[in-house]
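Take a look at these structures.
Note that chain A is present in both complexes that follow, paired respectively with chain B and with chain C.
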Partner chain A sequence: MRTVRRALGPILRWESMLVVLLALICIVFNQRDASQQAAGLSRRDVFNFASIIRGLRPYMLYSFMTLGMMLILAMGEIDISTGASAALSLATLGVVYQGLTNAGMPNVPALILGLACCLLSGGICGALNGWLVTRFKELYSMIITLAMQLFFRGIAYLLLGGGTLTFRNDPVFDSLKKLYNTVAIGSVNVPVMLFWFAAPALVFTVWIHGTVSGRRIFALGTNRACAYFSGVRTDSIQFWMFALCGLMSAVTAIFFTGATSSSIRADAMGGYELYAIAAAVLGGFSTSGGKGSVPGVVLSLVIFGVMKIGLGTLYGFADSMVNLSVGVILIANTLLLGVGRFFPTGWGQGARRLRIKRGAALHPQGE
Partner chain B sequence: MQRPTQTKPSLAFLLVRYREFPLLAVFALLLIGVNLRIPGYLNNNYLNVLKGASINMVMASGMLLVLLIGSIDISVSATLALSGAIAGMLMREGVIDSSALMFAAGILIGASVGALNGLLMSYGRILPIIVTLGMSYITRALIPMDWLLGLNKIARINLTDGFKTLLLDRGFLTLPMLVWIAAVVPVIIGLFLRYTRLGRDIYAVGSNESAARVRGVRVERVKLFAHTVCGATAGLAGILWLGYYNAIEKSTATGDEMFTIAACVLGGVSVTGGYGKMTGVVIGALMIATINSAIPQLRIGSSMITEFIKGILLLGAILLNVAVRRTAGRLERARVWGAGTSNSGASGAEPPAKRRVM
Partner chain C sequence: MKKLLSLLLAVLMLAGLTAVAEAPAGEGLLIGVVYKQSGNPYFQASVTGFQKAADELGFTFLHDGPDDGSSDGQIRIIENYISQGVDAIAVSANDPEALVSVLQEAKAAGIKVVSWDAAVVAAGRDLDVQPASAKSIGLTQLESIAQSIGYEGQLAIVSATATAPNQNLWISFIEEALNSDPAYANIEYVGTVYGDDEYTKSYDETLGLINLYPDLKGIITPTTAGAPAVAKCVLDEGKSIKVTGLTLASDMAEYIKAGVCDATFLWNPIELGYAASYAAVALVNGDITGAEGETYEVPKLGALTIETSTAVNEAGELVPTDGTISYLNKLNAFTVDTVDEWVNIL
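Then we have the complex of A and B:
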């Protein structure tokens, strides 16, 4: 058994499990699609590669937020204010743009300034979280961000005065919609957002798995005291990661503007933090920190997208049932990761990490 | 039997032990201030404030148990909606035909959701926030839209009206049943926490889990129990909601878990577990209800400012708690390690670190 495990070490990874899961889901949905076609319920196949790629669009919105959340989870913290800070960034974008254009500024620089303010306010929200988390160590980041969530949404409500800002007949503002378009590559309509997502995903992969500063995040999550005494500046890393997470929420907000035909509301993106946490956790980032990989997160985002497309189009589930499945996946997956502990979830450590874990299980005092 | 001589209680001890008194003073000041701005506020509509506070009060007394074991439950508002919706539907369909059964059904539904939370948390070893975040979505999804309850329109009029009058009409001592329930539940839970073994075990688990385990406390069961009680109070709150607002729908009480947690935290409950008292929670819940009802009448701005103020309030309460604990710790250190006052023989040792460096 041991030799088998050693030989299969590089394959027995969480990411491989995700690939298998994705394949299984696709097979099940494909069967369902074929049987529906055979029964004459639908005229054409609704579940194929092109439709999946095109349909991924609405489910890519929170992918940027997931990249930020991932870093927080890798440190063993949690940030449930991301949805609210994204809403606040969205409100900032709208208010700044409206204010500047009303003051007589040309539209294009106003939009650029608005986007800058949007990113800035997201970063400030995150930095505020980070400051509180590092300054008040007696408190869990969970409770701090829970309070900050209410606070950020409150400010967003105040900024917008409870109403909705729309820029319907504004060609410059509508250019944000291009972010939500698709481009035809061959016969497949690929969402532009996929390319926008690929850039930070690649950068994050190289950064957190391949560089010293990235590995320090995982060191922090594995053993904070050990990292501190090895010379890792734990407080500073924590602060900047929270700020980065806020920034990624603001990026989500910009894409969300494109998706919602340029109308801006303070209650936008409620529950996005759940999606982001669920996707990061399914991607292998344990909530207790120190584990996970970016490829896993990308896979899990695709899995969630495919699941939602399939459940919606093939089974006719309402939105709330999709939420239900997200909740079930979140809990079931955390249960599996916690109880099983069989599949290594780090990147580039594979079998060695597995052996260390097995060894640690034999001598539980190391726990 | 010789007892160790009791030293004079330190200022730090008093500060932590009697946190309720400053809080009570703040509450009194708040009431006086509001009453000055809105003449006759207390006489005219304080009963309404009490009614509004009651639902949150019931939930907060369950939440206290969960916070005491160092856990958190943000699925309470979803549990409230689920239990209210199911019980209301059963009543509309005529399955339940007495108010007592309504309460039983609500508590049962809530307790089962809470027990599921507790099971996943203590035996599945999942973080509380993950379990309850997931559970709140699952629970809300279980409330189908066609159960939308317009009870006053389509339900069996007799029972619903009876149920409503029972809850809202003036009863014993001119207070409605709703307020009485909100008064009795915290008293029961408070007495339970203080005088029973299981109640003390909850504090033990919260202040040091491994010590409690070594001491023989069945930590998993205690956690399961705390979450079950929290769910049960949320279920009871669902029934109260049904009687008070007469309708429940899918998005009922969304975000109200924040006010439940805020009531506890404002009352001095430590969110990391192990410290908190029911009296504080009651005052906290009353304060939140007062602020809730006073802000629209004060006309300090748009109604949107309420959200903002609630956020500030929750954050301020949490940080204030930390500040109080830190001050208490500093005073205690100064007392123990101060110039020659120590009688423990450790006066030559280094004082412990001021704050955690990591």
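Then we have the complex of A and C:
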């Protein structure tokens, strides 16, 4: 059994399971699409490569937040305030831009300053979370960020006064909608967001899997005390990861403005933190920390997108039913990761070490 | 020769058949309906109207609304409709602005866009279909509550969300009439609170009003979701406050019979969905383009005229916009005598 497992080791990764899951979903949906068309129930081929790539667009909105969230999960913490800090960053963008243009500043620098303030405000929200989490260690990050969620959302309502700020008729501000455009590559309309997402995804992959500072995040999540006594500055890492997560929420807010025709509301992006957590967890980041990989997260974002497109267009599931089925996948996935403990979910060094550790536990004398 | 003749006859007969059984105007069309939120009985009723029109016109339709009532949820649904290649989209928008980009993409793909119930701004639609002009909706409620309280005493409004465009427009007309119409000179308007269309919040806000203004005489609640909570609160507190508003009959029958409400109002959401369907089909077939002055025929409602829509500017005046609209101009009153016949419909 052990030899079998060792031989299959590189294949039995969580990411491979995700690829299989994605392939299965695609096969089932494709069958459904073909049979729908054959029966004359649908008027066009709604499930093909081009339509999936194009259709992923609205589900990419929370992909940036997911990248931030996975860092928090890797440390064994959680941040449920990201949706609210994104809303607060969005409100900051709107209020700063409006204030500056009303004060007579030209639109372009006002927009640049507004975007900077938006990112800054997201970073500050995250840093505030990080400070509270490291300062009050007896409190769970769940509780702290729950409180901060209400706090941030409240400030956003205060800033906007419950109304909608709209800049759709402002050509400079409305150029943000280009972030949500698609570009035609061959016959495929590719969302621009895909390229914007590729950059941080690549950077994060190299950073958290390939550098010492990145792997310390996982070390912290695997065993905080052990990491601390090995010389890892746990508090400092935790603080900066929360700040970075807040920053990624602000990035989400900027793309959200592009999607919603430059209209800014305080109730925007409600529940996005749950989508982000769901995508990160399906990607292999367990809430107990210490494992997960960026490629897994990218795969899980695609799986969620494909699931929602397929269930909506092929099966006529209502929006609420789609969420239900995503919940079912998530539970199934958690059970697989939790009960099975079979698939290494790390990447690079971390994964190898994980396998060695498990081997050592099975055979106390060593292999 | 015989063969040729029989063939000719057969062709003639076939031609005759198709001429007799003329296809309904909407045959083969696919319409995507988007509403504000799934699970709201008001939108379930309007879907019945779309169904009725679909039976008559022969089109098929898809319908969905986000479960959280958000704009980005509606964007997701619209994007799915675009990829399914619908001919028309009929949308009740959660935010008048947020859907513009995605609806413009839909229009660029040749899809006709009708907004109904809650409008999208002109740039995102071909035509807006509304039950009655904002002025008549606002003033009908005001006149009703004024009669109930004998044209004097304190009056408050419990609205939906602070950003809800419909409610804000109606309230602006109510406020204008209260300020200018001498008939309402003895009514003291104490202000508007927002229940966010949530039962608990609407109840709490009403309780707050009752405690703050012990002499309150009347409440207008122009939202179907908030009205039952407002009436329940008044009934629970045992006050002699009269309530009117836009409500579903089934939600309010209890309070109308208990005397809390003398009359409440609503257009018929079934007819609204029904008319929106006819508008969408007429747009797709090119019978109308959505320009001012055109008319389209809706069975039982007659010919509906398309006019320039209006909006409130910053000075609080009603100004024309660059979009067009058509009104059904029908409002139903639910009173103690009529509410029972509506309970099973609305």
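The rule is short, and it goes like this: the second predicted complex is superposed on the first by the 348 of 367 C-alpha atoms of A that agree within 3 Å, B and C clash if a C-alpha of one lies under 4 Å from a C-alpha of the other, contacts with A are read in each partner's own complex, and residues count from 1 in each chain.
Methods note: a contact is a pair of C-beta atoms (placed from the backbone, for glycine too) under 8 Å apart; a residue touches a chain by one contact, two chains touch by 3 or more.
As the structure is a computational prediction, the values presented were derived from the model and not from experiment.
In the overlay built on the shared chain, the residue A:Thr164 is in contact with chain C alone; chain B does not reach it.
Judged by the touch definition given at the top, the superposed model places A:Gly316 against chain C, while chain B stays out of reach.
Judged by the touch definition given at the top, the superposed model places A:Thr334 against chain B, while chain C stays out of reach. In the superposition on chain A, A:Phe256 makes contact with chain C only, while chain B stays out of contact range. Of the two partner chains, chain C is the only one that A:Met269 touches; chain B does not reach it. Contact with chain C, but none with chain B, is seen for A:Gly55 once the two complexes are overlaid on the shared chain. When the shared chain is aligned, chain B comes close enough to touch A:Ile155, but chain C does not. In the superposition on chain A, A:Thr222 makes contact with neither chain B nor chain C. When the two complexes are overlaid on their common chain A, residue A:Val281 makes contact with chain B while staying clear of chain C. Shared contact residues on chain A (touching chain B in one structure, chain C in the other): 161-162, 271, 320, 323. Of all residues in chain B, those touching chain A in their complex are 72, 74, 120, 124-127, 129-131, 133-138, 140-142, 250, 255, 258, 261, 271-272, 302-305, 307-312, 314-315, 318-319, 322, 325-326, 355-358. On chain A, the positions that touch chain B within their shared complex are 78, 80, 132, 136-140, 142-144, 146-155, 157-158, 161-162, 224-225, 228, 234, 271, 274, 277-278, 281, 287-288, 320-321, 323-324, 326-328, 330-331, 334-335, 338-339.
Here chain C touches chain A in the complex through residues 30, 38-39, 62, 64-68, 70-73, 75-77, 79-80, 83-85, 95, 97-102, 121, 123-124, 161-163, 194, going by the rule given at the top. Residues of chain A touching chain C in their complex: 42-44, 46, 51, 54-55, 57-59, 61, 161-164, 166, 168, 177, 180, 256, 258-263, 265, 267-271, 308-309, 312-313, 316, 318-320, 323.
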